[in-house]
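Data first, discussion second: the structure below is written as structure tokens.
Order as written gives the chain letters A, B, C and D; numbering starts at 1 within each chain.
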């Protein structure tokens, strides 16, 4: 009978002990840098795992070169699940529990939108790697940087390529109802419209699995070109189901989401994915710098993949640029890092990374929109195409723009 | 000191512990722990009100998260679309009220900053800082959100009067799916899966006892949520002790018999729906203002299963047990993210914690049907019963009617 | 889009008279001292179809309620809705494009057959155990996962059909073990609220399974190869293949209807399994015993059937059927640990629509839901929203069913056991 | 003065005419037996009187108030209480709580101590005081039956309908129930006793109602009824087993 009398205080004590047992933040070494990646659904796990791998490689490489400020760095990777509210909480956790001094990575736009405020209000610099939505840098927050392309800009490549393809009069856009998909679709509609090409937009939920009805609708519209702005497995599902319905990449000009650059997953999920176009960030592998080649080799060895995806490169660089900024700032203070970042010139795997607009120079001085704030202006975006079945993504034919072109696009009639 | 008093003492100790915790705890992860606790209180409100609905009244509803979402979206939409301004914008829909203009922002959905902007942003750009607009006080939004939850609770309660058990569960599941689908489809108004942002609970900071707290400080929302939890618990305790608790339990046990004994089953069934869904909506509204964003994913069935599991593991038929269970489980779920190695195999706890949690749920259901916390509480409140009964049975003078060959 | 007012006003008109009909018809029948079962359904249908013109004679004559009296107004109401829709949006593909409509209907039918099979498992479990299994979707997910793992990861090159058999076997065992470990307390009255216990414990299983698969297999989308490729057929001839034209993954009939290979194969397997199941239930001793238990547990016990074995068999078979649907569909969809949710919800809708516990009802319900969803995704004019509402279409059917005819289309009045009570 | 008046009650389920023009009345503290073969409509009649199902036609007045269209809880407040054929206690509530339900439901402003005292009195009468804080599910079947009777005392209705109170009951318990019925009747309440046990009916009741497939075929003193050839023909000659309850089914039909 007396047992429970003892048990209850014990439970309370246990709870207290759990409180206490959480390791207090160790003073300075190792220096912790946060890494955001979607590692479980509804996030795009394929992308998330690639980014995690790349960020861990970045950690290894930086430490091999002697680390930062005499310390090793540690990249603390956290799962955003692709959900905004989770991302905000995880950003909170990174900053207050893990004690990170800066954060890199980030895949889904909604994650970027939701988590940037948390970091900004706590004075922790963030370099987003793969979040395209313009508003992320658009509200000109002090601590927010981005090396991913702007959505409006990436969409520009997509629609410009579609517009120059032969005989395109009517385009179907299938987009997810998120703050990546909707603005991107809108950009495409407006861009295509400016070229006199009409378009129709179909919206779907990110969790959708069965696209049969939508595919039929798209088919019935008889568009000349399909643009699919669905991330993760929804993009795979749509492409394969469209192919099964006789309206896939082999039947029409078909732009698939860049998740397809993960060639193993692409060919497993979309066996009929031949001739799909995709947008790829970064220069082609033949034009890689030495550091990029080395990274690609390590990455392939670690993952068994045929090539390195653009978002992995971006994730790698987001950590690298932070590490250099900390070194140059000479401290882990957020404001110092921001100052260093605004002045940085980092030789990353994507190219030379710098941020021309910020507190020194407002984007409006060059007549640019506020979304160019803390934005790397140079990421190369190319259109690539799977021209052989089962082809790995690194040998994909670059079909656009002219500068990088390695082959002519195959347009399906 | 008897057991009842011990229980009181422990409850007071727990309350005092949580009251003083923000001042006692001082590690580096302070903010994060506070966040976990605030979320824990939020789930505690949901779990305890759900235990009132399903454990006490026997109305097995899977729509509790939908009511939470109604509250959150109610206040989110309110604060997103309505403003007061001293000068007319001439762009938005606006009404003159006294010397102020009541402004309704137009719905433009999800955009990228290079695309369309809403009328208010345009107007602000024109004014260029010369005019101060006032957002609506958030407490009105929270109030409206809770009322929205209550009204829907009333409607659903009336619709499901005739449904029992499995049908009720399916219907409420359907209701929450419809709501989720609607919110994610009506992008123009709700911003769909991008989620809608809300002002923080104390957007302009708050000064208490001379100490200034900024909008992201954890202490003010901690106390707001904690007192909300206490208030909900007080209401639930009062309900459970009053004839309301008696009657809803009677109708859970046997609706026909309760009605035959004069209990207005219809009224109490609807009442319990209204009360608990208002609570869920209230918690949702406050939590949304605390987190700063609400998305339709919060309404997903997985979130609901979390609440169900918390209530079941704590103790479905005791709202206090459900609340304590929710706080403990939320705490453990967050803190058990650390991976560990067993026999050379690394167990990634970010993934496995939920597997263990599910297994715990099943084992609790199978072997500890009253939950893990309820027996502890019952030990203090009901310990005298067994001894009384035994004592009486031992007494040879009493001629008990003992059963043999009685069917029943 | 100006014309859409026609559609909304018609809907409102139908809704109004439907509600009026459902409320007052029952009262009229009650007052006239007549059988009131189904009077709500008849009232609402007649009200919706003919408005006051239909209701007044109905109230005056109060004919005996027959199947005809329900079905004719129901079809008329659907017809009115269709006409209103066509008038409101004449440009819509559903109105103007015959081959589109044919394709959508075919797709709806095919996927409906597969849904029906899955729901069959749920209804089988319900009819024997009296509980609604909330882990049905997870069995579906595991079925697909097992096919993927057995044919791609564990034994690469294994024919997928063998993978399906493996998946069936393993999920059958999983179901049996779970039933033995967690559902046995249901039968001996140790549990006060068996329905709720059933819901919660299967809910717990669903939760555990989903995260278990995610922890073990990761959350990458996976997919099995197509089970069979279509042979290349062009009929009547190469130049003019108007009758049938196939490619590896697609079959086109009459130049209009296109059917995707994975769905076609999945539905053929579903039909074969269904026939096998019918044979099992109606021709074998065990099957007959199962049906006997579902109809009258006590009588079956007296007749020498061990109901406990039947419980185990029913739960394991129900789970296996769900897994089989998953196993056949893993070639059509990318597969994740979360994929079970939507089909599970759909199965709930189907079994309620068809009548909880009714096997043919589940199948008919499946086809109806397949068609409703196809119509929803195909016809809702705003392409931005059409597919976002997919989960809602089924739920609207569920709500209507529960309001108008809670026993479903072919539901028995009283499902087995006391806890089958509404 | 207690006065129940049942006039021309009719009830159909689908094609089944369960009650055909049933009329009778109760005046004062009568003790009436209601008998009839299985499916005679006894339980349906009870359900209609109690408000659980509505008649197709006919009226029921209790103490001058029409009750046939009222829901059960209103009927209970007007003054009619009933037990169920299968014991229906609130299993996971304590014995005292079981007793509080009717008392608090009937008197909105009831004083808690007063109610408790009354409940304890009732428990004393039922020799169950020591079990007051036990959950009802911990009680034996017979004790649960007593508890159900106790709840009726707490409701304090004018008319009590007891549906098969002796079914499968142990003889010791039978004595208590006998005593209960006599005592309650002496306190001025009318009791309608439905039972298949003729001995009990004949030893307790002063008046018998006989239902036969919806028809009220006899109404009178037990001796007269016993010798009524119609009744003998229809019922008394053969005695069936326990019949199966149709309450639930009927409700489904009416829904």
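Convention: contacts are C-beta pairs under 8 Å (C-beta built on N, C-alpha and C of every residue); 3 or more make two chains touch, one makes a residue touch a chain.
The structure displayed is predicted, hence computed values, not measured ones.
Across the assembly, the mean Cα position most removed from that of chain A is the one of D. Averaging C-alpha coordinates per chain places the centre of chain B 33 Å away from that of chain C. Centroid to centroid, with C-alpha atoms defining each point, chain A and chain D lie 73 Å apart. Between the Cα centres of chain A and chain B there is a gap of 34 Å.
Between the CA-based centres of chain B and chain D the separation comes to 44 Å, rounded to the whole angstrom. Residues of chain A in contact with at least two other chains: 39-40, 42, 177, 203, 205.
With touch defined as above, residues shared between interfaces to two or more other chains in chain C number as follows: 214, 341, 384-385, 388, 390, 406, 421-422.
For chain B, residues that reach two or more other chains under the stated contact definition are 162, 181, 184-185, 187, 192, 351. Across the whole structure, chains are in contact as follows: A-B, A-C, B-C, B-D, C-D.
On the side of chain A, the complex with chain B involves touching residues 1, 4-5, 7-8, 12, 15, 18-19, 22, 24-25, 39-40, 42, 79, 83-85, 88-89, 92-93, 95-99, 110, 113-114, 117-118, 121-122, 133-135, 138-139, 151-152, 176-179, 182-184, 186-187, 190, 203, 205-206, 369-371. The touching residues of chain D, when paired with chain C in their complex, are 10, 12-15, 54, 56-57, 91-92, 137, 248-249, 252-255.
Against chain A, in their complex, chain B makes its touches with residues 6, 10, 13-14, 17, 25, 27-33, 35, 39, 109-115, 181, 184-185, 187, 191-195, 214-216, 291-295, 297-298, 328, 331, 335, 350-351, 376, 379-380, 383. Chain A makes touch with chain C in their complex at residues 39-42, 45-46, 49, 177, 200-205, 207-214, 216-217, 219-221, 232-233, 236-237, 240-241, 243-246, 265, 268-269, 271-272. Residues 54, 58, 60, 159, 162-167, 169-171, 173-175, 177-178, 180-182, 184-187, 192, 301, 305, 308-309, 312, 348, 351-352, 354-355, 357-359, 361-362, 365-366, 369 of chain B are the ones that touch chain C when the two sit in their complex.
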